[in-house]
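Shared between the two complexes below is chain A, which has chain B as its partner in the first and chain C in the second.
Moving on, here comes the complex of A and B:
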């Protein structure tokens, strides 16, 4: 009886510590989930018109912040190419990059993006709360952010989190 | 205090030395705007209470990560534009969440964070008080009973090989 209370406290503490071990401190929950996509008005790679948050509405899309200098973007790239092949619309936000480097990178590794938005100064990245590429936002047809993937997109995140969110939405 | 106690005390005091180290050099102002002395003071205070999300355990004042530089110039620009400290904090939390603030706000999901330590302290004090009272009571009530010589002898005999 004497040792029951400390033992119980220890068990509670261990459970909390155990939960802590399974969590990634780099994944900061985004306050933008559930909110409309932040405004931007930027140029496109290889196209004359400009692109704004309104162009993201009308169908579910993935908005993928990437850069040619980003190692994690290489990791997720084959998966993005595969998803694009399956008909998923991905808009690339080329974060703090140059047109030329982006073009060469896409030529070498393949282009999964329906459009590539040039965020050369990282201003859109700032408004979207991006703190390290790659980051991928999932938008529903109303242009509302429903999920944020921090770090490279993974098969697991796609099948377990993102695809179920997009199902039931018309594409 | 014995030498061992002294050594232990010094050991425990070591982290305080680390905390007492002079702060790292201030990052310079970067935006082409002139802040007056009061505004520069606000800039310094704000960049010390905002977290760099890339490095996580540094403020944006301490970090040289590109994101920290961006956030610093953002703070500077907004001060120059006449925004209040609360406006700037709101700008940051709207994008990065409360995590960006080194000092978390008191709200429903952080109440335990704020009052928890005091609850623990109260609990510890209560336990200590109870132990002290109990010890005093037992000392006052039970006089040292005279040992039973026969039992003692028995114990000694058991020890003998």
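Moving on, here comes the complex of A and C:
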């Protein structure tokens, strides 16, 4: 009987992998899309005041969850710096990170963020349904989430999906 | 024309693979010697076909044939020749062709070197390898043909991913694939043992050199990958517990367990069904790694561009190959009887314990890698598992391994006396404790519980390995006589263990005593880190073949004496407009001085990141020494002697381990 255990485990694994295939972590839209941004009230990096979901309203913004320990964040970083240079407003959510590490990281790689919100405990990340950093949410002027990019931001996602969304907002 | 020939050759190779699977299988079933022999010629013809096909793709790259979709996506007119050749395996389709080439190579090697095996074992082994080959060839032809053309032909290619334009990455994937694919041979031998019902010391002796060879390539592949990440990612880390890294590490852990359990099976005729199971699992994990990397079920920095159709195909392939293997195991493994009892305090007992730790460690890595997937599939939300989990779980599981390793070499087969072992090992143990106190002061100028523990384990492994070798040499008349009497497999084992000890020392020092500093410097300014002065002479624009770079010149001095001049670069690859950091490292066994360029400031100042990393090189050296040990062990002459290969199981504890 015990010789059947490996085969049984394999079946379980294959089932999970099969389900995993139907849920491409990059493609499946977040259940939050179309809903208002979840509430949070957190400190900012290098600024005394606090920041809440209300501060995200009034203009379209990108909310980028990142961390200094995250590999994918470094991959997408040059693109974010470029977008920030083009005038796109990006709010950084520094996820499960320390102030010092975040400050050093930004100094080293450049800072594309208008504001950096410190989500040291990852509580906002939990409410926003963050699966793993990096993730980027696109918010319209009403503070409603209109798109979610899982994994590093890519040139393709920006030109084909996010920029059209943002342009639709402005017009 | 050439790409079409390459495509055609692959189709023919698929036909040959079908023959290689069906004809020998039929031969084994009917006991027909001529049908069984077809496997060997089919394997060799298939290797020739795949090799030529591989050359066709290389030719398309060398000739810059941008009408081939894969070439256009991964090459550029300005890409240097060296990288055009290595770009063949720079993305999914071509790397699959490399995988296939390796598989055909391993299969061809089995057909050449195993002529003296019983005909039915060879035939079954080659048939299994043929079946795997069918899977991969049809996968490539149906979903990922590297020879596809597209029109209109683009004026220029999109260039090879700049991350991959590094000498380390030229040899890293081939080494890694050699390892992954190499486990297919152990897998095929395991299936042959199950089918024939014959699993004895001779079987273990045939399987061991193949397994060790696969393992040594995997070791080298992982080491090179880590070395590459360290130099190319520009942030001083060398292991990130990324899903793709884990995908290569899991088969390594299980492969290491397999090497040790094969030793027990060969010497004592024990743990038979366990050994077979490990051989199946090691290859399963290699296939699973392929699935994880190419299907997009997990998010990783290294992952290939993904396509769900490919995921479905590999999953189906996994289900068929592993499903039949595990079913066969469930059916036949109960018949594999051990030739004796296993005493706990004996070499085989400790090796079993070593296996338990290695497999549990692999399971922990497996769980951490796939946990996000499991949780998501169960609808319990999305979570990510990071380095904290892996470090917390992995270190406690591997520390006992180092302790066991030292004990295991001193303990004899069958049954041993604890008192005798303690008497033998008291000096190495005392010396290890002494070194664990002294070394940190000499090396990193400090001590703590963690570094003491790490150095103690590293030195324990090193000293017990040397002690074991010394014990073998001392028994002989003279030193020279003694050294030459030690079999190569023992040298190999000792080297591999020394490699592990060196690696543990390196990890202990570098992870606990690295110093880093970020500074803002103008040309002509300097900064200090850990006693070294870094003087930024300037940052100049440099034009490379397919990139433009800012190249810093940093002079490092210590107490006024010049140490080295470093040139960190920040490159902008023109075709993809992506920025890459090339760190500059001054390496020595004692310490690495690592400088990476950060961002420029508006007034021309630069941010610089500097690291002082003690003993970083020992981590690579550890990997290289293990690799070298593997070569020695796999080339031991007793694997090449026809007579010995057919001799009955010996229970001699002296030869090998």
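The criterion applied here is as follows: the second predicted complex is superposed on the first by the 143 of 171 C-alpha atoms of A that agree within 3 Å, B and C clash if a C-alpha of one lies under 4 Å from a C-alpha of the other, contacts with A are read in each partner's own complex, and residues count from 1 in each chain.
Please note the rule applied: contacts are C-beta pairs under 8 Å (C-beta built on N, C-alpha and C of every residue); 3 or more make two chains touch, one makes a residue touch a chain.
Note that the structure is a prediction, hence the values are computed from the model and not measured.
Legend: residue contacts after superposition of the two complexes on their common chain; A:78 is shown touching chain C, with no touch to chain B.
Of the two partner chains, chain B is the only one that A:32 touches; chain C does not reach it.
By the touch criterion defined above, A:146 reaches neither chain B nor chain C. For chain A, the partner that touches more of its residues is C, with chain B and chain C as the two candidates. Contacts of A:128 after superposition on the shared chain: chain B is touched, whereas chain C is not. By the touch criterion stated above, A:107 is placed in contact with chain C alone, chain B being left untouched. Shared interface residues of chain A (contacting chain B in one complex, chain C in the other): 25-26, 129, 131-132. If you check the complex, the residues on chain C that touch chain A are 233, 235, 240, 242, 273, 277, 280-281, 284, 291, 295-299, 301, 306, 308, 311-312, 315, 318-319, 322-323, 326-327, 329-331, 333-334, 370, 372-374, 376-377, 381-384, 386-387, 518, 520, 578-579, 596, 598-599, 607, 609. Listing the residues of chain A that touch chain C in their complex gives 3-4, 6-7, 10-11, 14, 16-21, 23-26, 69, 71-72, 74-75, 78, 104, 107-110, 129-133, 150-152. Across the complex, chain A meets chain B through its residues 25-26, 28-32, 96, 122, 126-129, 131-132.
Residues of chain B touching chain A in their complex: 53-54, 56, 66-67, 70, 74, 93-99.
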